[in-house]
Amino acid sequence: MTLLYSLLILLMLISGIAALIFDKLVNSIISAGMVSLIAAFLFYFLRAPDVAMAEAAIGTGLSTAIFIITLYKTEGRGN
Amino acid sequence: MNFRKILALITIILLGIFILQAFLIIPEKGEIALNNFGKADIENRTAQLYIDKSVNSTNEQVIYKESKDKESGSANIVTSIVANYRALDTLGEVTVLFLAATGLSAILYNKKHAKSNFILKEDSFILKNGIKILFPLLILAGSYIIIYGHLSPGGSFQGGAVIATAFLLKLLSSKEYELDENILKIIEVTAGVSFVSIGLYGLYAEGSFLTNFLETGTIANLFSGGIVPIIYITIGLKVAVELTNIINDLMKA
Amino acid sequence: MIDFLEKWSFFGGSVLLILIGLYGVITRKNLIKIFIGLSLMDTGINVLLVSLGYVEGGIAPIITSTINNNSYNFVDPIPQALVLTSIVIGVAVLALGLGVIIKIYEKYNTLDISEIRGLRW
Amino acid sequence: MSLFYYTFIPIVIAFIAYFLNKKIKLSLAILNSVVFAYLFYQISRLYNQWNIPHETISYYMFDREIQLIFQLTPLSWLFIFMTTGAGLLIAIFTIKSQQEYVLRSSFHLNFAILIGSILGVVLAGDFLTLFIFWEIMTWSSFFLISSGEKKAAQKASYRYIILSTIGAYLMVTALFIIYNQIHTFGYNQVAAHLSGLPITESIILIIMLAIPFIIKAGVFPFHVWVNGAHSNAPKEFSPFLSGLMLKVGIYGVILLLYFVPLYNILKESVNYRGLPIFNYILAIFGCITVITGTILAIRQEDVKRLVAFSSISQMGYIIMALAISTPLGFTGGLLHLMNHMIFKTTIFLSIAAVIYRTKTTKMSEMGGLIFKMPVTFTAYLIAIIALAGIPPTNGFISKWVIYQALIDKGYIFLSVAAFFGSIGSFMYVFKPLSTIFLGQLKPEHENIKEVPFLMQLPMFVLMALILLFGILPGLQMNLINQISQLLNIQPVGFTLYSITGAFGKWNSLVIFSLFVGGFLLAFIIFISAKKSKQVGLMDTYTSGEYMDDPEAYHYAYQYFRPFDRVFDSFAARSLTVIYDTFAQNIVKLGNLFRKSIVTGNGQTYAFYMVLFIVILAFAGWII
């Protein structure tokens, strides 16, 4: 079980780094959403179902959505 | 990697070392330090009183579907903290949310309204028809999460976010769809005012702000927890409306 | 190895996530990336707070039909309640920031922070 | 009447009248005149009542008793008498002259506060009281200067307030150092304490105390504010600024040199020809002030600037005379102080009258006003005769005493500077006379009339005073000898008509009779001789040349050009340029720092924050 957490955390860190490294902003945003999703899993494993739900709904869903909207309103307009 | 980035990296590594060494501090007597992972000492924390549902230390056991008239009768302890013990914090949090949404509409305020409120070039058939089925289901799910917030995992924040997501999908699905901002305003104001007036009634009836003045009932019944479910519903409405507003503003910008 | 991971994976991981976000805030040129960095820091802090309240072998602090009284080994609910509000505030503030970004883009027609010199005097 | 009320009344009346003035025009000017007249009357009754006890007003601040102490001495009586007298004359002058001036109400408000604060400075019995009123004086005069009608007034007042603030900081630092050691601000205690300290320490403290006074007096290294402030201040305030504000600085210098007997302390330091080095340096500064002021005054094209530079050079005389610390020098300094106040006020008032009618200060835009404004012309003429030091006016007597003092001690350099300044003053005061009042009348000034009587009245009074003190210097000497007695200085012998100098006696009655006789003779010749013909100013014959700048062909333009040419390089290296270069270099240094640290990039600031936190953590870790 510890190994599973550790792997998830590693994945989260890798996604975080990837979110900063990617050239295309869409990829960055999706990676950031990935970080939130893994964090939601981690919350669940930490016995915090409320927080996990909130993170899943808000961090993964809404945050990513408003990032994408902003992207389309700025540099993404026309793409 | 230019000089600037290397400098930033070194600084941040130093900062990380300083943060991490805080976890290694072994407390001396009378000092407070961070616990090791999984060794949280709940017995000596305020949390134990919240779990026992007795801030005044009567230490009776709380039993599912049996205990009555506990000071905060909700089965979900996180909910009882958010909506009862620390409800004043939550009021402040809702205020921050409100201010952020207001600030956003002030920043993005546009007299012309000429810009498209939509980001896709044309309506997607699948999304448009899928939403027709999904929208009421999402609203229902959100409402369930909010209303059962004091019994099961979930609550107003999660449910509010789900409802806001439903509106996001609706906005994405169709160019023509417009939210009626007046209704949003009315709901928002009603929710905020009722939250505060519940608090004020507590002040009037029990002597302090946001105190429980209803019967708390048996734990884990739907009608239990005193003012907790009512407050949670107002917060849920408020969160849902604010988040919907934020999305609406951003899409119309 | 397992002991070390068990002790440090959550704390170390969340602190590292905060530092990664901070590094992004300091070095990235694109405004949206800077905000991604901020949201990573946000997530990292939330994970750190919740993991501080974790109890070994603990269960979620909800009284249900199986967990039918409060003498079980619950995890600390207070950090969870705090993180719950923190997440919502986080997204609201993020939206406010992104609204500012949209306005900045309308004015300067770029997202490169080194070209937006509004803070000079 | 309690001494405190002399400072209190003008300030309170000023505020009351300020709000009254919003409703009723001119009420403030008239009320000010009435109040000043009352104060003048009260103060003149105080003459010879030197044994009024010290007056103490205590108040509590931070659980500590703080006292305002007021005292009356012959010296302070001289200054309060001059202040209220000049204030009264100027207030009368402004009733008519300021009818079109926009900032009228604030002018009178600040003017009354200024009068009150100067009274406070002069009546103060300890350094704290002096400092408080000193600051009120600085600020009210700052507002007065900055309310000038020209744009340059703001820059000039800025320069003034910067210098004043530097002085005030030095003074308050020195006072706190002293207070920390002896827990009192009294003049005598401070002087006693200073004489007990090691000589270097006490000299540093004395210099810190003296610099604000020297700045206000406009002496050489700090004279840069004077010309701008005098020439750009409202035309009615310039007389007061030159006539009294500069003298308050002199009061401070007298206070330090004689009243607080620092001379005794300084005697122990290095001496140069029997004079403490501090005094000698001060005298040299005074001498440089005379030369600088004179040379720069001769170059000016703007009449107010010209008179402003002349003020600088006359202040040099006073400082020089006071610094050499002989009985004759002290007497000469005080005499010149009074006389300079009288004739410089007259000059500025007459110029204010000219400006009131012509609305310009450029000499090359005026001419031939002698028949249009005869009273103003007479006032100006008599005043410049006094300024140039020609008998039978008061200016001659004071300069004569100063020369006596300088020659008696054998300071060749100082004497040469004094003579140079005297001849130079002759040159520069003649320039406005010949270009404003003599010469041809400008076509646009055909319809000019003499100023109203209320504006003539102060000029008449001052003219009478110039002649009175020129004939009867004993009136002033009476008071000056009382001051000398107070300060343990050997009095100078005098009668009503005569003063005994180092090399002989000056009998003004004989000289006056001679002058009147000579003048009558010259007048008869003038009447009987043929009159010169008046021609129009614009009849200039240009040989077919096109005149694109008629101003440059006016004979007032660059009047003393051959003389100026000698000093061109000197004027180019003026102290103002040096100060400006210094300021620019400081700005450059700041920019260098700013550009490397404050980049304008938000990210850099975020990085600074992180760095700061890391440094804090590191500091906490190593401690």
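Here the chain labels run A, B, C and D in written order, and each chain numbers its own residues starting at 1.
Methods note: contacts are C-beta pairs under 8 Å (C-beta built on N, C-alpha and C of every residue); 3 or more make two chains touch, one makes a residue touch a chain.
Everything quoted here is computed from the prediction, not taken from an experiment.
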Pair sharing more residue contacts (C-beta pairs) when B-C is set against A-B: B-C
Centroid-based (C-alpha) most distant chain relative to subunit C: D
Gap in Å, rounded to a whole number, between the CA centres of subunit C and subunit B: 15
Centre-of-Cα separation between subunit B and subunit A, whole angstrom: 19
Whole-Å separation of chain centres (CA-atom averages), subunit A against subunit D: 76
Gap in Å, rounded to a whole number, between the CA centres of subunit C and subunit A: 10
Residue numbers of subunit C (touch at least two other chains): 6, 10, 16, 22-23, 26-27, 51, 54, 60-62, 75, 80, 84, 87-88, 91, 95, 98, 102
Sequence positions of subunit D contacting 2 or more other chains: 607, 610
Touching two or more other chains - residue numbers and ranges from subunit A: 48-50, 54, 58, 62, 66, 69-70, 73
Chain-to-chain touches, reported pairwise for every pair that qualifies: A-B, A-C, B-C, B-D, C-D
Residues of subunit C that touch subunit A when the two form their complex: 2, 5-6, 9-10, 13, 16-17, 20-21, 23-24, 28, 30, 32-33, 35-37, 39-40, 43, 46-47, 50-51, 54, 58-62, 75, 80, 83-84, 87-88, 90-91, 94-95, 98, 101-102, 105, 111
Partner subunit B, residues of subunit A touching it in the complex: 48-50, 52-54, 57-58, 61-62, 65-66, 69-70, 72-73
Contacting residues of subunit B [partner subunit D, same complex]: 7-8, 11-12, 14-15, 18, 21
Subunit D partner contacts - residues on subunit C that touch it in the complex: 22, 25-27, 34, 113-114, 116-121
Contact footprint of subunit A on subunit B as seen in their complex: 76, 78-79, 119, 145, 153-155, 157-158, 161-162, 164-165, 168, 243, 246-247, 250-251, 253
